[in-house]
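Presented sequentially are two complexes of chain A, the first with chain B as partner and the second with chain C.
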Partner chain A sequence: MEYSIKVTRLYKHFMQRGKRSGQGLFAPKKTVKAVDGINLFVKPGEIIGIIGESGCGKSTFGKLLIKLEDASKGEIWLDGREIGEFYKNDRLLFRRTVQMVFQNPFDTFDPRFTIRKILTETLDIHRIGETEQEKLELVLKGLNEVGLCPAEEYLDRYPHELSGGQLQRISILRAMLLKPKVLISDEPVSMLDVSVRADVLKMLKRLARENGTTLLFISHDINTVRYISDRVAVMYLGRIVEEGIADEVLHNPQHPYTKALISNCSSIDVFEKREKIQVDGEPPSPIDNGPGCYFAPRCFCAYELCNETYPETVYINETHCAACHRIHRMTDEKDPQGEIHLS
Partner chain B sequence: MSLLSIKNANVIYKVKDTEIHAVNDVSFEVEQQDSVGIVGESGSGKSTLAMMILRLLPKDTSVTEGEIEFDDRELLKMTEEEFDKLRWTELAAVFQKSMNALSPVHRIGHQMMNIYKVHCPNVSKLETKKRVLELFRMVNLPERVFHLYQHELSGGMMQRVSIALSLMFNPKLIIMDEATTALDVITESQILEEIMKLQKELKLTRLMITHDMSIVANTCRKVAVMYAGCLLEYGLVTDVIASPRHPYTIGLLKSFPNFKGERAEIYSMDGNLPDLSRLPEGCVFAPRCPYAQKKCFTCPPQTVTYENGRQVMCHFEGGNNGIQY
Partner chain C sequence: MSRLKDNKQLRNGIIFLTVILFVAAAAPLLATHDPFKLNEDILAAPGSKYLLGSDGLGRDVFSGIIYGARTSIMVGVIAAVISAVIGVVIGGIAGFFGGKTDLVISEIINIFLMLPSFFLILIVVALFGSNLFNMMIIIGLTTWTSNAKLMRAQALSLRERTFIKAQMTLGKSRGRILIEHIIPNGIFPIIANTTMNISQAILLESSLSFLGLGDPNLISWGQMVYQGKSYLVNGWWVSTFSGLAIVITVLAFYLIGDGLNNVLNPKLRAKK
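Here is the complex of A and B:
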């Protein structure tokens, strides 16, 4: 089957500048392993949510997919083509295949451009629409679609005259004007106010469904991810630790990190008392992680093996997988010690 | 007995020829050792209200009216010298960007000792240091932080330093302005737990300003919902969040995607925040309100008080006049 996004063993290591790890001039430089071996397969039209704390590499992963960063190792296939080749051969088509919506709508646009120019420029570059009139009609139709009516009123305004919610709509529209196969949205609603947030989320979901766009939704907000996505991947220090159907991962998490993350996520239900799983220590840096499981130093159920080797990804069922030694043990009936009981 | 009582507070910012009504006739009371969360979107005036209590608003561009009574003293009528004595010893604050609150060129311990000296100039150095280390222990910071610079700390540690700073003189009231907003989920919940523990130990009264309803739901006893400078609803968290009465609160709560149960469609409010320089004749929320009637656009609603000190500012509050929520 053709996958819309196919990522195999993807690595992105950043060299640390200046500071050397040991003493002396020739000691090896430190590398920051921002993305450390990701495998991900996404079907066309699917919405996948990526959750993780800040610094876990989720934004770097998004940037790799759209080639804002070059991968150190590994392959990315978008819409059946390897992106290195794809980008080299037909840059315009590549950009039309994959688009991105950024976190901060206030920084996304040139402050000297009007909304009309921002939107028609995209069409000009990609030679969509033959006459000016046709382009304008496309833009107006788009503005109405993202809920900015009357559209004519917005055309000659500048970005600073609009609110964050309106700008984010335009940012989404600019990406969707090209009818991309893949849309990457990096925390698109985290800068917006709560009452506007719901509307933008709804619109994003609707547009993706209508156009059959594959949406990669990066966020740290579990509730939002649950609302929008079909599947969810949880990242920790550059690796995907758990992946599966959204409700299955979030309601029946297998990896201790996912469990901790969900239990610490606050809800607006006043009467619900959730048992919080205490996670000690600071979020570690992705430098020198050692051979064991990256989460082991903070894990509440780590044992010796966790510090020795990184666990393999285990499939709990056909669609749900997680990387934890404990899951091995649980399936292994000879070892009764392996059973862990978690609330 | 109430520790802080705010009566008809108004803040008007004057910019060139326009007057921006940032806080509009807000009145509520905070009892001793209570925790009140103020929620609202950006531009709803929640931070302005906090700055008004701390008297940190710019003098030449803002006009404040109303009464703020703190511990039987009128805060707005005090002279600057009198208020300076109160600041930080009885009223303390934790701000959102703790990164910007600390000096980048002094060690953390040195900075904190300096601040301690402002109010207690005659205490010996050794004792000051002892106090600072004691504060570190309270907020779970290792002692080595004393000798570190600001840039060597993580976001969570810096926020802890800020909290330690605010607790320095055992204040009665502590105002937290988006104190945990920039932090990660796990760090945030760690710090919130610590804050609640400290509040019990030190018998603090806490005012939390945030845009995140879930933080208030989990950590506060009372909640004040602000919108466009007006206090729309105020009351116990268990009352307001479980059975909201103002259409704005109802909409706000419905717009949160839920974690459990059916994956229902989320509710979205139409429109945007009103222009605060031109206040509407009627209710501030009327243009976005799904239940608005003619009356809502013409005359401003009164605040109605109910059991448990609950306040609601709406003409058709509580399902009156056949409105179904």
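Here is the complex of A and C:
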């Protein structure tokens, strides 16, 4: 089975300039572990959501996939090719294989260019379309497809004349013009008006399905991820702590962090009785985490082992896995004390 | 655009500059004498025959000043443009490419900043002779560092902007991003700085001429000040009026530069 995205043991450590952990001139430099050993396999055409709080490394992970950052360690395979080699051998083909939609639509386009220039230029770079007329037709068709009609009206406008929603549609269109196999969208709706979010999400999902594009959807908003994704991966401090089919993870979370996240998620049903799990403290900094589970200091059900070793990833079923000592005990030893009780 | 009009410095500067440019362009019409011609009256006081007097060789000062405007503006503009082009390219490369390239270029900039450029210019003029062309090139080659520093800072901040990252993910080559996006979006402070550089270049050329290293085949204000120096006691007008011309021109470019800076720089604008 050929995976569309295959990530094995991916690390990205940022060195902190001038700061050393401990005393002395030769103490090792402080490193920020933004991505700390991620494994991820995504099938072609799948939509996978990455959830996590700010600073957990989800954006860095996205940038690693599209080579805006270089990994410190580990391998990324996109569409069956290792991206380092891929990029070296055929830069343009690599760019056509993976595209990105950015968070801030107001800053995604050069303010001096019109929409026409922005879009046709993209085609020019990749030599798509032979004549100017053909390119223009492609652009117009695309604009209609993303719900900007009449398309001609948008062509000669500048980015600052359009709203966030319209710009984000154009941003998605620009990425999809290249028919990428993989599309990374880094919080594409977080800066948009609530009123247009649903539309943009729907369109993104539709385009991904129609083109068979694998979509990596990075967000901190569980509701949008629930809406769009087939599968979900939950990140905490650079690691994936739980992963599985979206509905299963979100309705039957195994990792205490996922539980806390979901229990704090707002619901439209005011009568739904749920107890919120309070997670105290700031997320710890991703520097010098110690040997134990990264979540242990804030976890509501941590015990001694959690502070000693990082838990192995355990498969709850074929598609659902999580990294927590509690699950291990629950499944292996059937220790009633170890079960996590949630009302 | 309204901000352009509101800024008094800029407005006054532009008025001054327009007058100077007009004088330079219409020099043959405005001049009362041939500036090179040695007239019979030596050191004539300002009056109806010689508006601003004549110098020790009998040349008309007024006509000299009018023709000198051409030299000064040409030297100033061309030297400043050379310095802007070099500065923008080098600074842009350093800031945008970063890493080791940046390190090396930054050190080169520091070396150039350390060099006493005026003496460098003196040496070059002494070695290669003093003609206008040499002078413009050498002024341009020694004053680009401020532009390079400005452009580097611009590139450093622009490179983190989303639209630059987006261009990278689209597959544009880094050279093209530099030329098409980084430089056009970061050029405004350099434009303001360049007008300041024009006045500096004019001053430099005048200083060189004052030291007797100017192009002897051209009329320049610096040379007039230099030649008038020996007659300062009995012919004060030669140095004084040509000196005033330098002051006014330099002031005009400074006003424009400073005004542009205020208009284009949002931080300074907010303070008002």
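Methods note: the second predicted complex is superposed on the first by the 338 of 343 C-alpha atoms of A that agree within 3 Å, B and C clash if a C-alpha of one lies under 4 Å from a C-alpha of the other, contacts with A are read in each partner's own complex, and residues count from 1 in each chain.
By our rule, a contact is a pair of C-beta atoms (placed from the backbone, for glycine too) under 8 Å apart; a residue touches a chain by one contact, two chains touch by 3 or more.
Keep in mind that what you see is a predicted model, and the values were worked out from it rather than measured.
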Partner chain(s) touched by A:Asp193 [first = chain B, second = chain C, both, neither]: first
Chain B versus chain C as contact partner of A:Leu201, first or second or both or neither: first
Partner chain in contact with A:Asp107 - chain B first, chain C second, else both or neither: second
Touched partner set for A:Ala260, first chain B, second chain C, both or neither: first
Interface residues of chain A shared between complexes with chain B and chain C: none
Residues on chain A engaged by chain B in the complex (per definition of touch): 53-54, 163, 165-166, 193-199, 201-202, 220, 222-224, 226-227, 247, 250-251, 260-261, 264-271, 276, 278-279, 282-283
In the complex, chain B residues that touch chain A: 41-42, 154, 156-157, 184-190, 192-193, 211-215, 217-218, 237-238, 241-242, 251-253, 255-260, 263, 265-270, 272-273
In the complex, chain A residues that touch chain C: 66, 68, 91-92, 94-96, 98-100, 102-104, 107-112, 122, 125-126, 171, 174, 178
Contact footprint of chain A on chain C as seen in their complex: 161-163, 165-172, 180-181, 184-185
